[in-house]
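Chain naming follows the written order as A, B, C and D, and within any one chain the residues start at number 1.
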Amino acid sequence: MTTTIESFTTSELMVVAGARELRDGELAFVGLGIPQLAAALAQRTHAPRLVVLNEIGLADPHPVAFGVGNADPRHWYGASFMGSFNDVMGKLLHRGLVDVGFLGALEVDAHGNANATQVPRVTGGIRRFGGGGGANDIASLARSTILIVRHERRKLVERLTHLTNPGFLDGPGARERGGLRGGGPRRVLTDKCVFGVDESTARLVVHSIHPGVTADDLREATGFALDVPKHVATTEPPSAEEIRLIREVIDPERRYTKSL
Amino acid sequence: MSRLTSLSDAARLINDGDHVALSGFSIARNAMALAHELVRRDVRGLTISACILGLEADLLVGAGCVGRVIYGGGSLDRFGQLGRVNEAVERGRIEVEYMSSLAVTFRYLAGSLGLPYIPIRSLLASDLVAPLVAAGVAREDRDPFGGEQVVLLRALEPDAAILHAQVADADGNTRVLGPRWDNDEAVAAAKRVIVLAEEVVEPIEIRRSPELTLVPAFRVTALVHVPFGAHPTAVYRRYDYDAEHLALYADATRSQRTFDEYLARYVRGTDHAGYLAAIGGAAKLATLTADPGLGY
Amino acid sequence: MSRLTSLSDAARLINDGDHVALSGFSIARNAMALAHELVRRDVRGLTISACILGLEADLLVGAGCVGRVIYGGGSLDRFGQLGRVNEAVERGRIEVEYMSSLAVTFRYLAGSLGLPYIPIRSLLASDLVAPLVAAGVAREDRDPFGGEQVVLLRALEPDAAILHAQVADADGNTRVLGPRWDNDEAVAAAKRVIVLAEEVVEPIEIRRSPELTLVPAFRVTALVHVPFGAHPTAVYRRYDYDAEHLALYADATRSQRTFDEYLARYVRGTDHAGYLAAIGGAAKLATLTADPGLGY
Amino acid sequence: MTTTIESFTTSELMVVAGARELRDGELAFVGLGIPQLAAALAQRTHAPRLVVLNEIGLADPHPVAFGVGNADPRHWYGASFMGSFNDVMGKLLHRGLVDVGFLGALEVDAHGNANATQVPRVTGGIRRFGGGGGANDIASLARSTILIVRHERRKLVERLTHLTNPGFLDGPGARERGGLRGGGPRRVLTDKCVFGVDESTARLVVHSIHPGVTADDLREATGFALDVPKHVATTEPPSAEEIRLIREVIDPERRYTKSL
């Protein structure tokens, strides 16, 4: 049995919630920051055989320090395989062998489609970002994805500025009709809740609300129509051991988990 | 036969309007010394391509060398965005072929094998595919055997590929350590190959472990020996990225004015030795030396 | 997680009727120890494939394990022909998908990347293409962008690939030294991967030079530690081919009678240790040890 | 000036004639035996930068001993590159970068098409051989090929048993119409003569006759219609230096050059 503790940051809760969504033995792409920490936590708890892939061209690193992105050699340390982008994204992902991609997004809609390209400027025109890179490939081809996005009206939107990474498109069966082989989103993780997917509608539904967040808070911060069931679970808080691992082993510099 | 030459002679192999496949991935192994030289020569109208653009791409776009970019993404990782690339795209100042990074890599792969095109299963049902079809570089089709939906991508055959590598011999046999992202396919697809090497070793060294050779000499057009030629980006097992200079660059690239000041201070009217002196010289570089065990 | 197992347990991963991509190229790196085990288990109806067939293929065909062969060529180099394969083809005893070796490799490549098919520019205008079209694995087409003539080849996704390697760790991370012919693509295309390794090293060894890893552990289904498991074929940097035994086999495979005698004497009713004893034991094997400088 | 010598074997003459057809700086596939020795001789005389490729997956070997075939590690020694079949046959040959393939054949017809697959048995039925391997790819895609075949009626045939490796097919322009990118045969080397190609007919024509061979000998030993011009050159005999290199350096064990 685990003892839970009172004081934790929202980002620590998100790391823990993310870790619990990753399964032992899975092949996973994990984005920078919270997804990466979640994978590190999962490997140290219930998923020791979780294998992390890096699209830059390597597999199963065991970093002893966290860096600034996929291109930071700190994230390459201890890898069992170093090759090419194609070795990982072609021979594993496109081949259909990757279980899950844990990805950030600029915008997510009610069907779990995501924008990783550009957003409108309040001053007019568009603001371009770094682009999706391999995110479209992962969203199209991985057996499942977990999306992470800040819970704001401008980010959980009714209509995407750019559909970069397909979720369930416009509803049930649409991925299959579109020729997409991957399974689509299985969770969307925010700083207010964890979304699951209603199979009958292929829409996001609240799976659990983070402690201290109300149904009104959620509706208020969500840009698409959302009904929050009366009886909805509370996201399980971190255990003392999970907090210890995060603070002492995984993110001792508190780079990603000090606050949100 | 030695293929060793100078940075300036190597840069002369790139002509206005060429399609150039770049070396770097975000903040790793960018061929900065050659990018600087291309800026000094005021090359114009380049098409640049990479699965993930890095600092070298931002520098070339900001300096006005680029007319078209083929890419899947790009950034300075947590140091910031590619300000010059993103602004040029926002304002429509350069043509864009924007697709997934695997699509870029598959297009290089097709070019590297002499295939006219290659099918891919991503891009489908996204906003990425329509502009590519309109540009004539992609079309939706069905697998003639099983009837599955695919997108056919036109091969990429860059006029030149630039590769920054850890090790080469004078003939041009080139070894890259660590992950190689799209370098394998981009180099093999290119008509001309320019290699920048941190170290030039005896041929016997290469021939002792030929499994590590990424580019055989006869595929290399020109080889330049350029220690710290990738600064401020990282070269695995040689030196770490220069966090201080990357932060400085990330600030500079937020606006054209500050970017132009950066060029004036670090790139224009000097050479690679001058650049290294300007960023802090030997003392600074010594702090970046990679730990042999860690590789950074 | 250790993937180490026994030869017999590894052989049980191959079922009657499976498509198995083989390891060897002529007289190099054939996974003989596993082929022997498959013969002992009287596996039936296999489809075997390789860009160039070697001794292991001839042994499996001669022993009646094979119903179909997909290949570009094969021999024992100057030691002789693959007598059992050639006779089975001559007499129509096995189905044949005969094509160029690059066609076989491209079909593996397509399978390794999850592509349903891939275009090729060879085979055209030769007698090779019609039977492949008739078999439904190829069709002539035109590049939809440039209109160039190509042959579309259906992807190969073997049920299992067998790989004989110099080095692996217990997890299954596998390193191959020297040329790799079609191993990269065949292994990556396969659903199950069986590795025979001459030496099993500590994981840290592999992780010190991950650039040399050909197969990451999570792609390996079973790993068997089998010193001299490729005898009488050569394993680069470990041991040379056994010229005496290859000559003996080349004679034996000229007729089914002499081949059956070979099986009875060297393969049936024994195990790998028994086989090694029969071919001359430690004394003979010592004469094959590779010179570290030459690799043979 | 070179001194020629009186006593040499036909295979030595063929090695020398083959070597002279290889140019400095070319990327070449060379078959086992005489083609391989020809390349070794060329590298030691006029073509030091001739690069030999091995379809098994390597480039530019510098053997110190000759072996039994492509799979013999003796032929791998000193290579600058070791990779995959696809690295050589895909990224170099199919990419269109290979200059010449120097190949043997079971049968060759008047248009330089070749059979590497099977021949009829006198007893009826077919006799299957090892197969072409990468020969069809080389014949289809290399910028040029040089064929080597024993000069016998049953090998220089009017009609091939199997068209494995395309030459000029049925005449001028046929390769282009067939979609073949390579240039086709530039020479056919036998133990009696060297054939060139008549561009107007895309047929083999006698380029030079080996010393001591008559026009009648040629016609007698050739299975397809052949007119031998009145004034035809004699194949230039080996120089003393070429013979010395063959006997002392390249094939000291006289494995391929003792006799034909």
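Just so it is clear, a residue touches a chain if its C-beta (ideal position, glycine included) is under 8 Å from a C-beta of that chain, and two chains touch if they have at least 3 such contacts.
Values in this document were obtained by computation on a predicted structure and should not be read as measured data.
> Does A-C or A-B have the larger number of C-beta pairs in contact?
When the contacts at A-C and A-B are counted, A-B has more.
> Greatest Cα-centroid separation from chain B: which chain?
The chain lying farthest from chain B is D.
> Per the centroid of Cα atoms for each chain, what is the distance between chain A and chain C, given in Å?
Using C-alpha averages as centres, the distance is 41 Å.
> When the C-alpha atoms of chain B and chain C are each averaged to a single point, how far apart are the two points in Å?
38
> Per the centroid of Cα atoms for each chain, what is the distance between chain A and chain B, given in Å?
Chain centres of chain A and chain B, defined by C-alpha means, are spaced 29 Å apart.
> How many angstrom between the C-alpha centroids of chain D and chain A?
59
> Could you pull out the residues of chain D that touch at least 2 other chains?
Correct list: 58, 82-83, 86, 90, 94, 141, 181.
> Note the residues in chain C that touch 2 or more other chains, in rising order.
114-115, 120-121, 148, 150, 178, 211
> What residues of chain C sit close enough to touch chain D in their complex?
Touching chain D from chain C are residues 25-28, 51-52, 54, 71-75, 77-79, 81-82, 86-87, 89-90, 98-103, 105-106, 109, 120-128, 148-150, 178-185, 234, 236, 240-241, 290, 294-296.
> Considering only the defined contacts, which chain B positions touch chain D in the complex?
Its residues touching chain D are 1, 112-115, 171, 173, 188-189, 203, 206-207, 210-211, 213, 216-219.
> In their complex, what parts of chain C are in touch with chain B?
Listed in rising order, the residues are 114-121, 136, 139, 141, 143-146, 148, 150, 152, 154, 177-178, 211-212.
> For chain D, which residues are in contact with chain C within the complex?
My answer: residues 32, 54-58, 64, 67-74, 76-77, 82-86, 89-90, 93-94, 116-118, 125-137, 140-141, 162-166, 169, 174-175, 178-181.
> For a test of understanding, state which residues of chain A touch chain C in their complex under the given definition.
By the definition above, chain A touches chain C via 27, 49, 51, 58-60, 78-83, 86, 90-91, 94-97, 141, 181.
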